[in-house]
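Okay, so subunit A shows up in both of these, paired with subunit B first and subunit C after.
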Partner chain A sequence: MNYYQGSVSRRNFLKTTSVIGGGIVAAGMPLSSAIWAAEGKVLTAASTNDITKMDPQFYTAVSEVSVMECLYSKLTRFKPGSEWGWELEAAEKLEQVDPTHVRFRLKKGIKFTGDYGELTAKDVKFSFERGIKHNSPVKDNWGSLDHVEIEDDYTGVIVLKTPFMPLFNIAFPYAVGHIVSEAAVMKATKDGGDFGMKPPAFSGPYVLAEYKPNQHLLLTRNPEWAGSKPGFDEIRVVLIGDTKTAERAYQAGDIDFTGITLDSLAKFKSNPPADTKIEGHPSLNYHWIGMNVDHPKLKDINVRKAIQWAINVPQILEAAFAGQAEVATGTIPPGLLGHREKALVPPEGDLEKAKEFLETAGVSDLNLTIDCLNESLFLTIAQTVQAQLSQIGITVEINAQDAGSFWTLGMESEGDRWKDMQLTVMWFSNLPDPFYATGSFLQSRVGIWNWERFRSERFDELSAKGVTISDPNERAKIYQEMQDLMEESGAYRFLTHGGNPVMYRTTHTQAVTRPDGYPLYVDFKAV
Partner chain B sequence: MMSVEAIRPEANDATAVGAFRTFWGQFRKNRLGMLGAVLVVLIAAIAIFAPLIVTHDPIRIMVGPRLAAPSLDFLLGTDQLGRDTFSRTILGSRIPLFVAFASLGSSLAVGLVLGLIAGFGPRWLDNLLLLFFDTIRSFPSIIFALALIALLGPSLASVILVIAITSMPIYARVVRTQTEGLRNSEYIAAERSMGAGTTRILAVHILPNVLGPLVILVSMDVPAVIAVEAGLSFLGMGVRPPTPDWGAILNDGYSYIDQTPWLVFAGGVPIVLATLGFTFLGEALREIFDPKLRKDL
Partner chain C sequence: MWLYFAKRTILAVAIIAVAVTLLFLMIMAVPGDPAVVMLGPRATPEMKALLHQQMGLDKPLVVQIVTFFGGLLHGNLGFDVFSQRPVADIVFEQLPFTLELILISILWAVVIAVPLGCYSAVRRNSLVDQVAGVVTVATIAIPSFVMAVYALLIFAVTLRWLPAIGAGNGLWDGLIHLILPAFAIGIGWVGYISRLVRASMLEVLGENHIRMASSFGISEWRIVARYALPLAILPTVTILGVGIAWLLSSAVFIEVVFARPGIGALIVNAVNTRNYPIVMGVVLVTTFLIVAATTLSDVVNALLDPRTREKL
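Entry: the complex of A and B
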C-alpha cells in the first residue's frame, strides 16, 4: 500500500500534460480514447460509515465488509438482487454432511498476491479459527465452530460443537467468511492476530492501493485475479460521515454512488439529479434508544420504563425520517424469522404512565445524558427524545460524537467511558438471520457491543437454543421471546429499521446491491 | 504591529469631553465605521432584547410544520424539528456575542497582567513568559481548539476556554512590547526618581498607554471569534442542542438546503453581518488611533 502525499504545481502539471499530449498525438490515438485509457474506469462511491478495519475477523461495520468483498474471497456470497440468498464464490462445492459438519471444496487457481501462493484449505482453516483463537469481538459470528479439518489442499470439513443455523446466512457469506493467507498474516502479525487496515495479501478482484484515514480508500485491480473481470479499474471509496453530506457530494458530481436518507428520498424521487437512478431498499438495520442499566441513575427499572413510555416513536420517525420509516417492534424486521407483530410498549407511549413509573421510582429532577453520532439523523433523534423526556421532567444533555469516539463508547476495552454512558441513540446493521439481530445482547457481549449491559440468563439460554433448531416456527418463537425479554428489561426503546435508499449515476454505472441496499462493488457495471 | 504614541497622562491637557469630540468628529467621517457601529449596536440590541422579540419558543418541537417556508406564523420558516427559525436566529445572537465578550474579556485580562509582568519584570521572567506565549501560539489554533474540545467535551465553556487560551498570547505580547518600550522612557524614570512604586507606575502610567492598542485589537478579534464559535458549532463542537446558535442553525441549513434554503440564510446572514460590523468598527478605530494610519497627520 502507498501512503503518500502528492503535490502538483501548475508548472509541473503543464509540463506533464504537454508531454502526455505529445505522446498521444505521436501514437495516433484519438484524444477521447486516450483520455479514457489514461483515466481508466473509476467508480467513486461514498461510504457513510467509518472504515477502520480490513481484517475480516475483526470487522466493525457493514461498510468495511463492502470493501472486504472486493479484496478477499470467501466460500459463498450473498446473491445480488431483491431476494436474500447465497451462491458459491471460492467454493466449488459446499455440502452439509450432518448438523455439525460442513464439507467444502475450493475452486482451484485462486491466488494470493505477493507470492503467497494459491488459496487452499489450510488458509480456510487458519482464517476461520483465528477469530475465536484471538478472542475477536465478532467471534460469535462463528457460533459453535470447533475447528476445520483439512482433507486435502482444496477440501476441508468445518466442524461445529453443536448445530449452528446461521452458518450459511452469516458466517460464510459475510465478513468473517473472508479467507486470508495464513503465510502472509503470520508474517505480518507474528501471532496471526488483528492486522487492522494493513492487509498483507489479497485474493479478490481488487487490492487496497491506498488508505487515507477519514478521507478515502483506493482499490485497484488485482493483476493476479483470474476470475471474471469486475467493471471498474479503480474503486474510490470516499469516507463521508454524514449521509446528507454525501447527498451534497453526489449532487456536486464528486461521487457516483451513495446511500441517501429517507428524509431526502421523496425529494430525490420527485426531482432526481440528472442521469440518476433512485432505488429504495428495505433495511434490516435497527435503531433504538439504549439505556445503560449499570448506571446509578438508570439502575431502577421504573426509571427505564418511564423513559420507554415517554418516548413517542412515530413522532421521532416523523422528525428524523420525514415519516418515511416504519415503527420497529424489536430488532428483527418484518419478513425475517422471529419478527414480532407488536412491541410490548405501544409506539406512541403514554406520558401519564411514564410519570407513574417515575413516581414509583421516587425520582424527580432527573438529569441524563444521551450520546449519539454527530450526524443530522442521530442529532434529530436525540433532540426529539430530549424534548419528549422534558415532558416528564427529565432533563437531557446531548453529547454528539464523531464515529471513532462514539463506536468505542461502550467498549470496556477502550477505557472507562462506558461507566458514564447513560442513554444512547444506537443503530446496528443486520443480516438475514435472527441470531445476528440478538447475538449482540448476550451476557458475554456486555462491554463489547451490549452497551445497555443487559443481562438475562433466560435470554442466553434461548439464544443458545435458537441457533440449533431447524424448525422455523419454533425458532421464530424463541427470538420473539428474546425480544420480549429485552424490552421488559426497560433498557431498550425500539425505534425503526429505517430504509436504505441509494442513488447512482446511470451514465457511469449500473449499481448492484444486496437486497437491503448495501453495495456489491464487484458487481457494479461500468457504463 | 501598530504603534501608539506614548502619552503621559499628566502631560495631556485635553479634557475627556474634548477628546471624545475629536474622536467622534473623526469617526463619523468614516462611513464603513459608522455602518459597522450601527450593525454592532443593532446586533447587541437584538441580543439584549431577544426574549421580547421572539415570536415562538425557540426550542419547542412541532413536527407538523417541519421545514416550512416563511409565513406570517413563522417569519423565517421552521427547521427540521418544526422549530421557529426566526426565534432561534434572534435568540441565537446571544451565544456568539457572549462567547466573544467572555473569551476575549478573560484573555484580555490575563494577557494584560502577564504582558505587564513580562515587560516590566526581570529578564528571566520575560524570557519564561515569552516561551509560554510562543508555546501556545505554536499550535495551529483550530487544531488546538479541536483537540481541547475533544478532551473537555463540546460545551459553551469549552469554546470560551479555547478562544481565551489561543487569544491571550497575542494580547500579552502586545502589552509586553508596549510596556518594555515605556519602562525606559524619561517620564517613567522621573516618576521612579520621585519614589513612585512599581504598582503605581504600572497602573497610572503604563496601563493607560497600552489599553488603546488592546481595545483596537479586541475589536478586530471579535469577528474572528464569532466565526470560530460559529465554525465550532457548525461542526457540532460548540453549544449543545437545543440551544439556538447561528453556527448550529447554519449546520442544520446545510443538511436540509435542498428542502429549504431559509435555514442557511437564517444562520449565515447574521454571521456575515456581525463579522462585517465588528470588522468595520475595528478598522475605523484603528484608523483613528493608529497615528500611522491617520489621514490628517
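Entry: the complex of A and C
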C-alpha cells in the first residue's frame, strides 16, 4: 500500500527539510525568524503587559493604547520625543472657546474601513459620550465632559460641565480620545457598549488582522489609509508577560523592540547586544512609602517625620532599582507640569534628625509592620526600609502579599484590615497630567485609594482649582503646593518614578517613543 | 472489566465534584477583590458594586456554587471578567498548548527512559549503567525551570538555533517551538522513569518464569521485551498517571519562561487578578485531566495485570 500521495515522499521530505534546516542553522538565524523573514517589512515588538481590550473607552493598560494608536484616529496625539506635549492628528483645528467649550474641526478624507464612510463629527460625539453612557471604568479620563454638540459634518464643540484642563493631556491625545465609527460599533454591539477585542472598523494606518490571546497581535497596513505611509508592512506585537523573558527573546533574535528591566539596564549598557540601541526613559509611575496616619502607632506626626528622615532613598534605589532610577520629589515626575525641583526632606534623610523626632514623640522600642507586594522589587524596598529604620530603633516586620490581597488592604469596603495597616510600599500608575498624580489623595478617597488616610481641606481646595486653571505656571504652583502638603503631613516618603528603558535593533528599525518610553509604533521607521 | 471501568468512572466524577467544591471554597476564602484589581485606583464603589453583580459575587456562597455547577451541566463555565469572553472558549483555546507540551515531554522521556532502564537492568553495573545512574539522578535533582533557563540561554540566546519564545505558527514551526520547553520538562522524567524501570526490571528478571523462559533458550532481548517489560512497566504507568499533576505544575513555570500560551500561564495571571471564573474553569479542567490520567493508568494497569481489577 502506498501511504504517500503526490510527489512528496518521506525521503524527499527529509532531504528537503534537512537542507533548509541546515542552511538556516548555518546562517545563525533562529528558525522562527527565518520563517517570518520571508515576508515584507515586519516589525516584531514585545508587549510585556497583556492586551485584553481594543475598545478605547474601556482600555485597561498603556500597552493596549500603543496598539490602538495604529488602528484609530484621534483629535490630537502625544508628540514623540523626550518632552510631553501634543499635536494635531485628525483635527485640523482645536480651540478652547471658553473654559467649558472646546471647538474642533476635523481633517477631511479620513475613512473608516468596511464601507463605514468618512470620519465625521457625529463619530466624535458618539465616541466621546459612550464611555460615560456605558459607565466605563476609565470614564474619569473625561472629567466633567457633558456632551458634544455637532455644528456640521466636520465641526463640533465639546461641552464640559465645569472647566477640566486635563482633557488636553489625558483625554484627547490618549486612549479615550480615539474615534470609532458609530455605524460600525452600533452594528456590532447593538447598544454601543464595549466591543472588547473585536474592533468593527479602523481609521488608522493599520488594521488588526489577527489576535491570538496570550500569543500575539498582527497589524497589517490599512489599504484605505490616506495619511503618510507607516514604516512597516506588518507589526507583530508579541505578548510576553515577563520582561526578563522578553530580554532573552530579544537576545535570541525573536523580537526587534522590547522594554527592559531596570536591573538589566546597566548590564545592557555596558555590554549591549549587537546592533542594539539602549534608551532610558523616566516613567510616569510613582513609588512611595505610605504611613497610615490613623493607626495609633503612627498618629503622632513626630513618629511619621522620624520615619521620613530615617529613610535613605538613594540606598533604596541602589538596592531595589539597581541604581538606575532617579529620586522622586513627589508624585509628579520631571517633565510634567507641577513637578517639584526638590522634596522637603532630602533624599538621603538624616538619622540624627530622625532620632530627634522620635525623642520629641517620646517613643522607644517601636515595632511596626510594612505591607508590600510579594514581588522582588517591593520586597527589596521593604527590606531596605526595615534595615534603615532599625538604625533609629524601630523594628519592622514585613508582610508580603500577592496582588489580589495587597490591593484591597487599605479599602474600608473590603473589611477591617486597613485598621491594622501601618507602613506600605506603594506604587501607582499615572497619566501625563498632574490631576491624575494627585487625585487619589483627596479626603473623599480616604479608605478607597487614600490608604495613608491623609486629610487636608487645603489640598482638596487646590485639587478642585487645579483642573480649572489654564495658565500653566499658575497651575504648576497649585500642584507643587499639594505635594508640599502631602509631604508635610509626614504620611509620605517619596521614592522614585522608576523608569521604562527600551532596546531595539538598529539594523531593523529606528524606534520612536513617548517621553516615558512607550512605543509609538506608527512612527517607527524601517531601516 | 466493564464493571471495573464503570466503577472507576463513577469514582472519578465524585472526585471531580468534591475537588472543585473544595477549591471553590478555598479560592473564595483568599482575601482580595477582583473588582479592585480590574478597575484599578480610579474604581468608585458604584463601579465595584456593578462588577460584583456581573460576576455574581454579591450572592451568597452557596448560591454561587449551585450556579457554577448548574452552568457546568449546560456546558457554561461563565464569562471572563476582563474580556467578557466565555471561560470555556478561553480555557479550551489555551489547553491544547499545554497538552501538546506535556504529551511531547512525556513521550520523548518514555522513548529514551524505558530502553535505558531496561539496558541498565540487563547490563547491571556496566559502565553504561553506572554513567546512566549518575546522569539520571542529576537530571532528577535539577528543577525543570532551571533546566529551561539554561536551555534557553544556550540554544536560543547563544547559539541561536532555536526560538526563545512563543508557540509558533503551523505544525513545523510549532514543533520547533516545542523542542526547548519539552526538553526542559522531559529531562527530569528521563531520569525518574529510567531508574524506576531499572529497579522493576531487576525484580522481574529474578522471578521464576523469566528464568524458565531463559532456560528454554529464548533470546535475552525477547525475554526482556515480551515477558519482563509488561510487568516491570506497571509502576511506571501508575507514576505517569499521577505525574500529570506534576507535569501541569512544571508547565506553569515553563510557559512563563518561554512565554508560551497555555493554561499554566493562564491560571497564574487569573489567580493574581482574582479572575474567579477563569480560575474555576482552569481548576475544573486540570482536575478532570488529573482524574482522567489516574483513571486511565488504573485501567491500563488492569489490562496489563488482571489481579489489580479486584482491588477497587
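Just so it is clear, the second predicted complex is superposed on the first by the 297 of 527 C-alpha atoms of A that agree within 3 Å, B and C clash if a C-alpha of one lies under 4 Å from a C-alpha of the other, contacts with A are read in each partner's own complex, and residues count from 1 in each chain.
The rule we apply is simple: contacts are C-beta pairs under 8 Å (C-beta built on N, C-alpha and C of every residue); 3 or more make two chains touch, one makes a residue touch a chain.
Only a predicted model underlies this, so the values are computations on that prediction, with no experimental measurement involved.
In the superposed pair of complexes, A:Asp242 makes contact with subunit B and with subunit C alike. Once the two complexes are overlaid on the shared chain, A:Asp254 sits against subunit C while remaining clear of subunit B.
Of the two partner chains, subunit C is the only one that A:Thr60 touches; subunit B does not reach it. Of the two partners subunit B and subunit C, it is C that touches the larger number of subunit A residues.
In the superposed pair of complexes, A:Gln383 makes contact with subunit B only, with no contact to subunit C. Legend: residue contacts after superposition of the two complexes on their common chain; A:Ile398 is shown touching subunit B, with no touch to subunit C.
In the superposed pair of complexes, A:Phe428 makes contact with subunit C only, with no contact to subunit B.
Touch criterion met: A:Gly196 reaches subunit C, while subunit B stays clear of it.
In the superposed pair of complexes, A:Pro472 makes contact with neither subunit B nor subunit C. The intersection of subunit A residues touching subunit B with those touching subunit C, taken from the two complexes, comprises 242, 245, 248, 251, 405. On the side of subunit A, the complex with subunit C involves touching residues 17, 25, 28-33, 35, 50, 52-53, 60, 135, 137-138, 140, 194, 196-197, 212-216, 238-242, 245-246, 248-249, 251-255, 402-405, 407-408, 411, 413-415, 417, 428-429, 439-440, 448-449. Against subunit B, in their complex, subunit A makes its touches with residues 242, 244-245, 247-248, 251, 263-264, 267, 315, 318-319, 322, 374, 376, 379-380, 382-384, 386-387, 397-400, 405. Within the complex formed with subunit A, the subunit B residues making contact are 59-61, 63, 66, 80-82, 150, 153-154, 235-236, 240-242, 252, 254-259. Chain contact summary for the complex, subunit C toward subunit A: residues 30-34, 36-48, 50, 82-85, 90, 93-94, 152-153, 156-157, 160-169, 172-173, 176-177, 256-259, 261-262, 265-266, 269, 271-274.
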